[in-house]
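Each of the next two complexes has chain A plus one more chain, namely chain B in the first and chain C in the second.
Up next, the complex of A and B:
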């Protein structure tokens, strides 16, 4: 290489480098915003989770992991953890299976008024969280609509006091969640199903496969990546559940339906504020989400 | 196009900036409160009165969606170390004062030497006193009252006078009798709320806390007596528990209960049932039996005004003199039903006049009751204790042991205190 050439390569980037640089410049604003508005608060939340004291005079606790130790002795937090996982384990599978069934029903070519059905099932997740919670609370009131229906159908002999019963309150939250989010997940499945070639089903039918075999042997394997995405999103959403706990049951009776996020809110804004502890519990939720997502990816993604 | 967009952005920014109410020393008063028909309406009257004498002072009353939102704003401003976003005068719930002043002292102006606190009900102003210093100007009284349907009582052979100055033993006895004769429970309450127990507890000057600030739940005889009354009321069917506030109000509008027991602000809801006018009467609350300091007076709820530091404090204090003005309370009473905790207000004509709905001058009576409410020890951990007690009460109603549950509640609050 001559000296002249060396000098040129210093001043002028190659075409490849130029394109790379342009790419980075385009990425820069969004990346900086994400770092500033998302990553920095996350790191900061972790630092705060190691602190204790009054909100405006936080100091590092001794030992540093004191808040983490303290959490294991907090009966209300453990209760909220149990509640949240109850919702997760019962609600997410029911909802995803229902969404899959609805999606495969609405994906049939011969069905009429498809658009109307799809809209109707999707509509619940367009309603505001607070308003739908309040409507559910009214529906499940002691003298509410649901009890009236059940009584008239002679399924029960006296009204069920839904909101004042630990199991009843949890059931109402789970029913509400299923009602609201099934349509949302269904849309993901529907759009993925539309990319599956119809001739595959035709071939299967010629080979004598019934609807159930088609669902389990063709649709589900081909939908695996989408199912994985919806499972992770639902897990994440359920672990962060807040609105339903606050507006539907107010955590009651006796904390029987309180969620982790609701308890975190209470520790920060309702009872005497404890920012360090609240940040610590938020961080624990983050870790739960991360671990569960990792497991789901490991199990679901075999590529 | 680009220019147009940037102009639009700047405009949007400018509008949002100008609509923000800064609490700087600018000769303008900004007031934050909630409830258009209550606190806001009262402040609009105070504003009109003040501007008649000081036409050049600008006053803005801002309606917030609720006391919780105001507290959140205060927490954010205090933790950010920038109070300039707060209003000059802010309304807080009485029960929040201890918590907010203890955690965010820099927000509150010490009003002890700036404002004259004589003639305010002692039980009321005790909420906003921290370490002997006043931080709030008392507004509406939360004096506890018991109101009954006189027509139903009459069917069972009782009058409203039979309900005045009685003990809980007598009240339960009457309740059972009324239930037997009319089929209606005497009271209704919201399940999962410890309001009732706390009102009864406060009626004997007791609290969930000791003088030294430590929590006092598990060895608190007055609390056990109060809980016992509540449990008996529920078990005997004298009190019916409902699940939500709407259902609670519903029990009165559906005429499925004989009476109600709460802070006097509940009368606004009762009096809105115009078809039941003339059928109600008011009494003081029953007292506990065999307990030290038992009275027929207590309180629940209510709020007080604070002045933010670094604002137009002198102007704000001058403006707040309206709250020592009998005419002011007299004027706001008919529209807001906000009952004064300023004792001389009971002389106002709207207070002394016979209330058409209730048939007696109930508002003057309530101020009278308020003067007898014993002051109680409050705490920054009030809400922690209230929630823990509510959990214990629900569990006890479902059959758990009183002592064990109170010990759990005590542990929960002590756990929160040790942070």
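Up next, the complex of A and C:
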């Protein structure tokens, strides 16, 4: 029904139609805002990705896909892409497995003080990304707390220069991310596990299934939809990593830990702003998110 | 002790040990930050793990160097505006999608959900262009506008509206209440826990937001708390006592909310995927 038709028939609306119309009015503001603040900028991002020039004087580039060509030869972009995928491939699986383990332990009937453990493991979620980045940067400083502990335990003979070592910097980011997000994912699993009938586990135990078999043969198949949701959310989140890259390692040393979002921000606002090229790289991230989510949904459907 | 009993208690002891170690690791960085706010830089680097007597000194130094009150005021205004507006807009929409649902509205919902897949960084450049063209840089409205309507909150309200009894709506209609009155007088009071959950998670997200404010807030007067603490790390000589005092101030509101409203928070993040 178009707006015009709506207006014409307003005088003799049935009760049903009236309610239907009320429904549309109720969801109008939210829908318009999402279109305005999410879909429209997405289309514009694609248009701007075909442009070049100063922010105030953008014009279509020739050839149109010039920015896309430039990207394939941009070593910093390729480095940021590699870094982001390193975080994704290493951090997300470790975090999700840890979260599953925590959740299945805290779902056991024979464990006490569950509330306290859950609160502790969930607590990191209450910290701002900037806050925990700064805390971890200080803890992992050359003369910082972690090195002092490792030296005292005689695990290392001299302090590790975490922030000035390409592997060290990435490791700190991965550790920090696991610390911040494991409890968050655990909450999803716990709430899903609580809806599984406990007698299934009792039956399995009588049949001689150990804790590991119970986890892989009962819990995980039943939790599949939730695991899928957390995997998609974590992938999406990792591809957008920004606060940690800026505040924990500042992308360093020499871009060894910079993320795609951080590089795009720098391209947009820091060194000689280039909106066209930044928009182009953003659009590529959007494609990655779409493709990876589609793959995960496909894989999740099959299993 | 028999072998079986040892295995039983031994494995349980291992589980407790594991949980205790993991809980310790989860809490330690925050405890360390909090304690360090009471200590001087040499003490912090020396590994002091109990609070000392330098809190006032750290805070005085911080207030001298940084516009902490401006940042706190901005962060609170930004966050409260987002909470109020997004709860209103999204609860109305979630209610609309559920109570008046039909094929057309379900399709609209599915399309809106797609926007969850749009990473913010993918629209960062056009968003900045739009907001500077609209003259919304350095203004509260600039921060608030993109966060008012989120598919996450709409979904949360929609899935919780499912448990709102249809009979109440029918009865209210017979009593002569119009649709808006039903929403305001029946739905909002019944759905208080959902509103609490939505408010908790929205407060945390807005308070902690960093990238978007960094893009649109360009003056010292519009700085937010996360921006302020991020700036502290740019000096050559770092005063860790001062920095940890600032980080503690920035973290306190969300940690307090976490402890008081943990249940709401949990319900909000887990409830949206039902």
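Here, the second predicted complex is superposed on the first by the 274 of 303 C-alpha atoms of A that agree within 3 Å, B and C clash if a C-alpha of one lies under 4 Å from a C-alpha of the other, contacts with A are read in each partner's own complex, and residues count from 1 in each chain.
Here is the rule we go by: contacts are C-beta pairs under 8 Å (C-beta built on N, C-alpha and C of every residue); 3 or more make two chains touch, one makes a residue touch a chain.
All values derive from a computational prediction rather than experimental measurement.
Enquirer: On chain A, which partner touches more residues: chain B or chain C?
Expert: Partner with more touched residues of chain A: C.
Enquirer: Can A:205 be said to touch chain B (first), chain C (second), both, or neither?
Expert: Neither: A:205 stays clear of chain B and chain C.
Enquirer: If we overlay the two complexes on their shared chain A, which of chain B and chain C does A:163 touch? Say first, second, both or neither.
Expert: Only chain B is touched by A:163; chain C is not.
Enquirer: Is A:19 in contact with chain B, with chain C, with both, or with neither (first, second, both, neither)?
Expert: second
Enquirer: Which of the two partners, first being chain B and second being chain C, lies in contact with A:31: first, second, both, or neither?
Expert: second
Enquirer: Based on the superposed arrangement, let me know which partner A:110 touches: chain B (first), chain C (second), both, or neither?
Expert: Touch status of A:110: second partner only.
Enquirer: Please work out whether A:217 is in contact with chain B alone, chain C alone, both, or neither, and reply first, second, both or neither.
Expert: A:217 sits against neither chain B nor chain C.
Enquirer: If you stack the two complexes on chain A, which partner ends up touching A:82: first (chain B), second (chain C), both, or neither?
Expert: neither
Enquirer: Considering only the touch criterion stated at the top, classify A:269 as touching first (chain B), second (chain C), both, or neither.
Expert: Both partners, chain B and chain C.
Enquirer: Considering only the touch criterion stated at the top, classify A:48 as touching first (chain B), second (chain C), both, or neither.
Expert: A:48 sits against chain C, while chain B stays out of touch.
Enquirer: For chain A, give the residues common to its interface with chain B and its interface with chain C.
Expert: In chain A, residues 55, 137-138, 141, 143, 268-269, 275 are touched by chain B and also by chain C.
Enquirer: Which stretch or stretches of chain C touch chain A in the complex?
Expert: On the chain C side, the touching residues are 12, 15-16, 18-19, 22-27, 29-30, 32-33, 36, 44-45, 47, 89-90, 92-93, 95-97, 99-102, 105, 108, 112, 115, 117-130, 145-146, 148-151, 154, 179-180, 183, 204, 207-208, 210-211, 215, 225-227, 229-230, 232-233, 240, 243-244, 247, 250-251, 254-255, 257-258, 262, 265-266, 269-271, 273.
Enquirer: Which of the residues in chain A come into contact with chain C in the complex?
Expert: Checking each residue of chain A against chain C gives 19-20, 22-27, 29-31, 33-34, 37-42, 44-45, 48, 55, 102, 105-106, 108, 110-111, 116-117, 119-132, 134-139, 141, 143-145, 148-149, 179, 183-184, 187-188, 190-192, 226, 229, 236, 239-240, 242-243, 246-247, 260-261, 264-265, 268-269, 275, 278-279, 282-283, 285-286, 289-290, 293.
Enquirer: Could you please specify the touching residues of chain B with respect to chain A in the complex?
Expert: 68, 71-72, 75, 78-79, 81, 99, 102-104, 106, 191-192, 241-244, 246-247, 380-381, 383-384, 387, 390-392, 394-395, 398, 408, 411-412, 415-417, 419
Enquirer: Tell me, which parts of chain A touch chain B in their complex?
Expert: Spelled out, the residues of chain A in touch with chain B are 52-56, 70, 73-76, 137-138, 141-143, 161-164, 250, 252-255, 266, 268-277.
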